[in-house]
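Take a look at the structures below.
Here subunit A shows up in two complexes: once beside subunit B, once beside subunit C.
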Partner chain A sequence: MSTQTLPEAGRVRSVVDYYLTMMRTSIVNQFQYRVAQYFYMLGMVAEPVVYLVVWTTIANESGGEINGITTGEFAAYYIVWTLVRNMNIVFGAPYWEWRIREGRMSADLLRPLHPLHNDLAWFAGSKFVLIVLWLPIAAGLTIAFEPTVDPTPLEVVVFSIAIWGAYLLRTMIQSTLGMLCFWTTRGAAIFDLYITTELLLSGRLVPLPLMPDRVETVAAFLPFQWAFFFPIDALVGDRSTAWLLGGLGMQLLWIAISFVAFRIAWRAAIKRFSAVGG
Partner chain B sequence: MGRMAVVEVAELTKTFVVPEREAGLRASIKALVRRKHREVHAVEEISFEIGEGEVVGFLGPNGAGKTTTLKMLSGLLYPTSGEARVLGHVPSKRERDFLRRITLVMGNRNQLQWDLPALDSFELNRAIYRIRRSDFTPLRDELIGLLDVGDLVRKPVRNLSLGERMKVEIVGSLLHRPQVLFLDEPTIGLDVTMQKRIRSFVADYNRRYGATVLLTSHYMADVVALCRRVVVIHHGRILYDGDLARLGAEFAAYKTIAVDLLDGAVSLEAYGEVVEREGDRVVLRVPKEETARVTGRLLVEQKIADLTVHDPPIEDVIELVFAEPK
Partner chain C sequence: MSAARVAWLFLKVGVLNELQYRVNFVVQLFQSLIQVGTGLAVLALVYSHTDELNGWSESELLTVLGIQILLGGAIRAAVQPNMVQLMEDVREGTLDYALTKPEDAQLLVSVRQFRIWQLTDLVSGAILVAVGLGGVERSVGPLDAIAFGAALSLGGVMIYCFWLLITTGSFWIVRMEHVLELFEGVYQTGRWPVGVYPLWLRYTVTFLVPIAFAVTVPAEAMTSRLDAGTLALSFAFGTALFAFTRWFWRFGLRHYSGASA
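Coming up: the complex of A and B.
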């Protein structure tokens, strides 16, 4: 007979082990539904292709460029857009409601690990599958739209970091918003408002330099562009080293701000949890 | 009790505030201006202790406060007032060391990865609970063997039947070898064979690891097979805490007298309520305080081959307990 708790493996090693195991599990799960995943991704390509066709047409009619952005640069922007958009898919705010309603929250809370780790690791794992699936789509779009892109090694490095920074930032913002689900079962209206604001001020709908100056100024004080416009522009734009590193710094700042906001919201939220779903 | 208290509950209370309104458009418009709320006292000032290695049945009808109590003890719910300690920890603080030492199994909840074989979920649990592989593999295999699920853990969870899923779910919940098990209806919806299997597994786990178990179940067979002690809760308050065997003596207002007559044609209506008659055998229900007198009369006045006095079946006693007014 043994009533002793099992000894614990080392902390740092365990966290790394957890992330790797969860990401592996997520990848296995994604492969389980690879065809569905592919069709989902193809569906997602429709949005940037519409933007691309519209802007290319306008640019062609305006002598080949708008505000200094050429048709080839538009193509580059929206092709990289498809990858950044996929990297930006996170455990969204409305899913906190699902998690609570379906009793998943109880299961998550019983584990000696914050649910945020679960979300981060799971979606991070799925990104590897998405990147692999994205490559042929990007190749097809490149052939069709002939993008103009000539990144420096630094831009490639910054882009590679920034897409993960964008993922982390968006996870933190969405998770903080998700805390509303502990107070209301009708958070959808607020989530919709967030999505619309993000759509306009992130560079998802229109590259930010094409927005009116006032909108650009407002966007500069909000976190959205650092999760969307910044990673894309880091790769396809022609930016200085200071701007690139400053962008990573802004990502880090907004991640820290949203992390603190999440921690405060979480502490209050968890006391309200009524485990109604199980 | 004599054993070290693993679960200590003192004056524990949980009150939910729920919105309330009448049906219809008028009530709906009225609710826009002034929302009405009602307090639901799910658990009211309950106190009890459970010693190390004890298996205790937690009984009560639907809505009695059983699951709310289990959720408070496992750290899912913050108590409104009162105190709870499990293994020396305050559950609502949800400390990692506490969560590594307990488990809560809910009979109708799935905590495994739906689309993957259970083995993948087990592997994930290993990482979550930071179990060394040298400890994990033998324990996993031992649990798989105990519940005989060797051929199930390689199938995607979605392809398992309810009973099969419950078994692998239990394996997953015990991979970190918890010292305290909160089992909420672990056999709900399962067939009799599967119920027995899970019962014997819980008993086995308790014996092997000296684990403390608090079990809720609507199946009295679970409770009778596993628990010597029961805590009965109703309307959020504890009605009884003690030996299961003494529950009948405490609550049953009647006893049954089974009589084997030499002349089966005799009527025994005058002695008590006849609840069963089969050939020469008659079963009477009599008020508890009259049992001795009625038995004496029967032996004197009738020609009897055999006579036995019983407490009512535990299911009937529980029904009586639950019928107690608030």
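Coming up: the complex of A and C.
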């Protein structure tokens, strides 16, 4: 990376260049550690399989469906869940703590690009590896749980965009939260609280319609479901075009809101920062 | 008895180390409460759609949840930190420091760390078990309690063996840090009685990762469902697994040539 100031037109090109290079590096790097990646992914698959089994059991005990959701639809929901969950893995808040504690922050600040670009590009690259590794897992789950899914072409398109929207939205939320690490070294408790809130209100635990009405109302005013429930439901649900496009709009809105929040938090944080290590 | 003395000494040092960081207790307590709260919310949600899950009532499943949290706390206090350190030592070449000591190496690598604050989960889990049992109609007899203690201890040993087996793998495979996530993920299956799972998964979480032995079997003891055969199987499998782990650890050590200077 050149440290000289570049002319404005060259700047855009060099940022794009940076993204492409980082993504390529990330892909090569992640493919090297396929076994480690698989451990990670298999650990993650346990969670939706547990939810799926529990809800399938209940559905079977009460005549094949709960609130109109059939066992096949549950299976579809939780299989697509695994992909969306992978897209939800971002440079998370705890890593900001690591970055500051280990003294990496100082080096990151010296670069001509904001560290967020590095995080976004690196994890975006690793998504391609994750998606390839995910395919056999999805195939296995499909054989084991027989999902019913019948998406329209529009739903597929919206889903393909929405998973990247989800990635961007969750990166922004987590990075904003990560700014807390500039003030405290004990963010872990707060992050746990965040993860739990997200678990209950994003659709990660159950499809949101199964939640009590009050919870569903609360969730509607929060960003979490747009990074989780929305992409899944766009593909497996049976939704109107207006709902699908409105959902993308909501994603965009929340990305914008969390981006502004991040900018404000970042400005305050960087004023406080006084390098650790080097 | 020198083995017991060594373990006891390490335990004391570990506790003293952790006691320096008292704020961690508050953080841990908070995280423990979140974990219990989430567990309760999930149970409430499930039982708002049904009265009985595979023959288990809500109170009985509360017991299962309690045992899962309790044992999870014990694992995170005593087993996991040791195994993570072992993995790191292999990678960094510092394992030689443990291997050159005159005590048994398996013992040493298993007792070097103890995270006492994790024991908050032991307490919160025990409370959940008690509350759950309060809602169960059948009373818990002394035999049930003994069977519970035996099953839980066996389960703990099996989880330890599983961890050591996997960690021994780091003699061959270098990047093992994701194993922690793998275990944490699979351990969540213990929140539900193993009977709800399809056959292939039931066998996986019984024999491959012995979570059913560690959580469901003790829970069966507490809710008077356990038959002597299951307990005997748990004992036999636990013994065999321990022997195999011991052998595999030595086998791994023979293949380990050290990485430090």
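Note that in this section the second predicted complex is superposed on the first by the 268 of 278 C-alpha atoms of A that agree within 3 Å, B and C clash if a C-alpha of one lies under 4 Å from a C-alpha of the other, contacts with A are read in each partner's own complex, and residues count from 1 in each chain.
Operating definition for what follows: a residue touches a chain if its C-beta (ideal position, glycine included) is under 8 Å from a C-beta of that chain, and two chains touch if they have at least 3 such contacts.
Worth saying up front: this structure is predicted, and the values here are computed from it rather than measured.
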item: Touching partner for A:Ile131 - first (subunit B), second (subunit C), both, neither; value: neither
item: Subunit B versus subunit C as contact partner of A:Phe273, first or second or both or neither; value: first
item: Subunit B versus subunit C as contact partner of A:Val218, first or second or both or neither; value: neither
item: First (subunit B), second (subunit C), both or neither touched by A:Thr57; value: second
item: First, second, both or neither for A:Met22, with subunit B first and subunit C second; value: first
item: Partner chain(s) touched by A:Met250 [first = subunit B, second = subunit C, both, neither]; value: neither
item: Contacts of A:Ile161 with subunit B and subunit C, given as first, second, both or neither; value: neither
item: Touching both subunit B and subunit C, residues of subunit A; value: 33
item: Residue ranges of subunit B in contact with subunit A within the complex; value: 16, 52-53, 71, 74-78, 94, 96-97, 99-104, 106, 108-109, 111, 113, 115-116, 120, 123-124, 126-132, 135, 139, 176-177, 179, 207-211
item: Contact footprint of subunit C on subunit A as seen in their complex; value: 33, 35-37, 39-40, 42-47, 49-50, 53-54, 57-58, 61-62, 66-67, 144, 186, 188-189, 192-193, 196, 199-200, 205-206, 210-212
item: Touching residues (chain side subunit A, partner subunit B) in the complex; value: 1-3, 5-9, 11, 14, 17-18, 20-22, 25, 28-29, 32-33, 103, 106-107, 109-113, 270-271, 273-275, 278
item: Residues on subunit C engaged by subunit A in the complex (per definition of touch); value: 23, 27, 30-31, 34, 37-38, 41-42, 45-46, 48-50, 52-54, 173, 175-179, 181-186, 188-189, 191-192, 196-198, 200-201
